[in-house]
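Take a look at the structures below.
Here come two complexes built around subunit A, the first alongside subunit B, the second alongside subunit C.
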Partner chain A sequence: MRSYLGIFKMQFKSELQYRAKAWSGIATQFFWGILLISLYTAFMANDQVNGFSISQMASYIWLGQAFFVMRYIYLLPSTSEEIVSGNVGYKFVRPINLYNQWFSEHLGQKVSATLLRFPLIIIISLLLPSTIGLSLPVSITAFLLFILSLIVGTLLSVAISMLAVYLVFKTLSDRGAVTLVSTISGLLGGTYIPIPLMPDFIQDIVNYLPFRYISDLPIRIYIGNVGISDALVHIGICIAWLVAIVILGKILIKATAKKAVIQGG
Partner chain B sequence: MASIIDFQDICKTFKVPERQTGKWKMLSNFFNRKHKLVHALQNVSFSINEGDIVGYIGPNGAGKSTTIKIMSGILTPSSGNCQICGFVPWKERQEYVKNIGVVFGQKSQLWWDVPVIDSFELLKDIYKIPNEEYAETLKVLNKALNLDEIISRPLRQLSLGQKMKCELAGSLLHRPKILFLDEPTIGLDAITKLAVRDFIKYINKKWKTTIILTTHDMSDIDALTNKIILIGKGQILYNGTFDNIKEKYSNQKIIQVELSKEYEDFNLDGYEVISVNKNFVTIKNLPQKEFHTKEFINQITKKYDIVDFQISSISIDEVLAKLYKDYEL
Partner chain C sequence: MLYRKYLKNQFLSAAQYKLNTFLTAFAQVIINIGEILAVWMLFSRFETVGEWGFYQALLMMGVIFTAFSINECFARGYDEFSKLIRTGQLDRMLIRPVNIHYQIFGSKIEFSKILRIVLGITVSIIALINLNADWNFYKVLVLIAMYASAVCVVFGLFVIGATISIYTIQKYEFLNIITDGTKEVAYYPINIYSKWLRGIFTFVIPVASFNYLPLSFIMGTGSIPQWLCAISPIFGMLFVIPCIIVFNISLKKYQGTGT
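Right, the complex of A and B next:
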């Protein structure tokens, strides 16, 4: 555990080195938030879609932007760089598991980057008028379940990123594979279009996939679109997905590591 | 003394896709890829004693790095046995790697964006080093490598030499029993090179660390160790003292002669002309002919009018080049 905390701390320190990155991230998130809210307000002229009000939609978008780094599937540049360059050899000579090293690096980066970005976005969006701003959570229970599901969702997001790491490790190329995983999970997870606004038949498909549990579920618990008892069931399903995807990732990375040839030098 | 590394009949074969040129061949390759087998190591056996410094040398592509990678648990050999510190590296990797430190001269184990000391702190956590032991080790390393000034700066701001010092320190924080150095002096200036060599010797003495290093810089070998293992084309060609090899080749001398004037075609029985530059001639004795200074002076003064001459032994690099040539590497 101590080793993983150390890795976590290191990512935090690295993240703090990049202030410009954090500021530009915040600015981008604001821009996207306003853009998406204007867009969907225009579409939702009759005020309610599938029991989803404009103010709920605005909260959905703002929370999505505030926790964007957590929900977005990507690879750390250092990870793809070390795999392609062969520097990953050093990960093999450490007395800890390869998968766990990558997992804690990504988790550390996601959490630290989020911590640097979300407070400002949340505060400002709370100050906006309720039709375009963030509303308070529907209840304290909902808020606590939101936190819990956000934590599980973040772990799930990292677990899915590990599948992308596997693809890079396998193909030794960080293009294509990662973009594919990232786009698919974003589309099916509600990053681009809020899931409640999707047509019913697409919602039916999306509900059977793991991606919606990353950020769609926590946000909908917060805005009251998913009730408390439903929330508990869904968090349970999310944990099951998490366990399954972690096991899959571990098996795949272990198998690849066995055959890996660290080149050069 | 007990051997700490035992390599027995290690073989490593890579399956490499065969690339052909020409557009039709490339197209057919795309659908039907052919592979060929490359034997990187063939029946490599050796053992290394505890506390030794051993130079592992050979030309590029001989299999040095492959051996280091097998020894550090990164690669699994195709066949053969290997015991290091009582472990089979690739089978019990996680337990085993606590006993070793590795420096790949062309790669970095430290984090790019943060001060070096932060990287060290992380390594401390990864290896679960107790606080007092860590403080003590760091003090020793700081003193031996003069790290005080550079340790608080981010790695990206350091020069190559400073980086290498930090890499060395990083690989020794957990006081490994064995240290693998893959080309530790590559690209370093003369002063840093000397500092690195002194440091390696110092650690070996102080902590009885067994050190295996690969290098192309023969002066590294000369300064650090007398034990070498020579590998070529995936096979061990020589395992013994460096002195033996030097002796075998060092009967050859290089003589620079300054003549009183320019001679049309300079030649001397039993000597090979290396270069002629006006009235300066460089020659060396043929390997089959033993060199005697008196005999040489008699022979040359009979034929030519000389002003000055200088005799030198052939350099270590030349010894090695000859060695490679003799083994047809």
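Right, the complex of A and C next:
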């Protein structure tokens, strides 16, 4: 456990060095937030959708932008590089678990990149007028459950990224398969458009899939679109998904590592 | 002809990495299909936005996909201009007795983008079939001008990006807001956005010239005079001229990065 904590810390600290990247990330996220709110306001035409109001929509967008790094599925370039180049062989011989190592690396990078970006976006969006800005959480309980589900959601996001690592192993390319995972998870997880704005029959499908638990659930707890008792049930489901996907990822990566042929020499 | 040689060399190099080129192209098309599905979902809940329906928005997506991918394929050199500067390739180009723009065009031709061009055209055709417009000669003319205008505006943006990197050497990520932001804005007829967003993308970056203005003419709707809508694509084409002039002036001041 200590060595994984060390990997987490190392990745955390190294990401903190990229402050210029964080600034440009904040600028981009801010522009995107304004654009999306303007767009959905036009679609909603000053009306609510099944109890989802314009001001809730604005909060949904800003929280999504603030925690963008955490909800977005991607692989660290170093990870796909070491698999494609064959340097991953060095990792095989170390006495630590391959899956846990990658998991801690990705988690460290995600947490640190998020911490650099979210405070400024949250502060600015809280200051905007309520129809285009972020509102305060509906209650303290909701806020605490928001934090809890956000933590579980981040772990789930990393666990899904690990399935993408498996696909890189299989295809020996960091393109194609990873983009496919990232697009599916973004589309069905509410990153492309907020889930409450999707047509009902798509929402029915999305509710049975794990992707919405990454960021849609925490955000909807925060804005009060999911009640407290429902929230507890959903956080339970989210933890079940997390355990299942971690186990699946571990099995897949272990099986692949056993049969792996290291390219080059 | 020199460009044909550039084209052939770049094609041969892409053909060396067949699987990689294909996977890259495949990945990019997946992203676009995801975006189309998102727009479709919104319209299947709301049916209309402002005065527009799904197929009008789909035509706008077709236009910007096509224009963007044509530029990404053939004008990639401008998009990655900072690379030409940092590697010193630009310095070498400048001493050759061939026009610099000709060489920038030839420096990088990305064949993996062709799949995206195909997607853009396919999306456009699906939208046009379902559009229910009363077609006549002038409308077809405006439609063609709309695509030409879009190609020109996106090219102008690539040139602006290249111009900025002459001064900054590095490529700053937030500059992508200009190109990617413009692309994202243009997925919908832009008169649905708030006033000042619409203002920026009409008068600063002339997205309107290949967006809701010609669309209004084709559909015969809107409160803006029809003749103005019909000639609007011309403004987008003219946008390239100041971009190129500023680029050329900046390049004259360029002193090399030294190695």
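Here, the second predicted complex is superposed on the first by the 264 of 265 C-alpha atoms of A that agree within 3 Å, B and C clash if a C-alpha of one lies under 4 Å from a C-alpha of the other, contacts with A are read in each partner's own complex, and residues count from 1 in each chain.
In this section, contacts are C-beta pairs under 8 Å (C-beta built on N, C-alpha and C of every residue); 3 or more make two chains touch, one makes a residue touch a chain.
Note that this is a predicted model, so its numbers are computed, not measured.
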Contacts of A:Ser85 with subunit B and subunit C, given as first, second, both or neither: first
Touched partner set for A:Arg94, first subunit B, second subunit C, both or neither: first
Which superposed partner A:Trp23 touches (first subunit B, second subunit C, both, neither): second
Touching partner for A:Thr171 - first (subunit B), second (subunit C), both, neither: second
First, second, both or neither for A:Ala240, with subunit B first and subunit C second: neither
First, second, both or neither for A:Leu209, with subunit B first and subunit C second: neither
Partner chain(s) touched by A:Ile34 [first = subunit B, second = subunit C, both, neither]: second
First, second, both or neither for A:Ile147, with subunit B first and subunit C second: neither
Overlap of subunit C and subunit B interfaces on subunit A (superposed complexes): none
Complex interface listing, subunit C residues touching subunit A: 19-20, 23-24, 26-28, 30-31, 33-35, 37-38, 41-42, 44-46, 49-50, 172-174, 176-177, 181, 184-185, 188, 192-194, 197
Footprint of subunit B on subunit A - complex, ascending: 2-3, 5-7, 9-10, 13-14, 17-18, 78, 85-87, 89-90, 92-97, 258, 260-262, 264-265
Contact set on subunit A toward subunit C in their complex: 21, 23-25, 27-28, 31-32, 34-35, 38-39, 41-45, 49, 171, 173, 175-176, 178-180, 183-184, 186-187, 192-193, 197-199, 202
Touch list for subunit B against partner subunit A, complex: 14, 65, 69, 72-76, 93-95, 97-98, 100, 102, 104-109, 111-114, 118-119, 121-122, 124-128, 154, 182-183
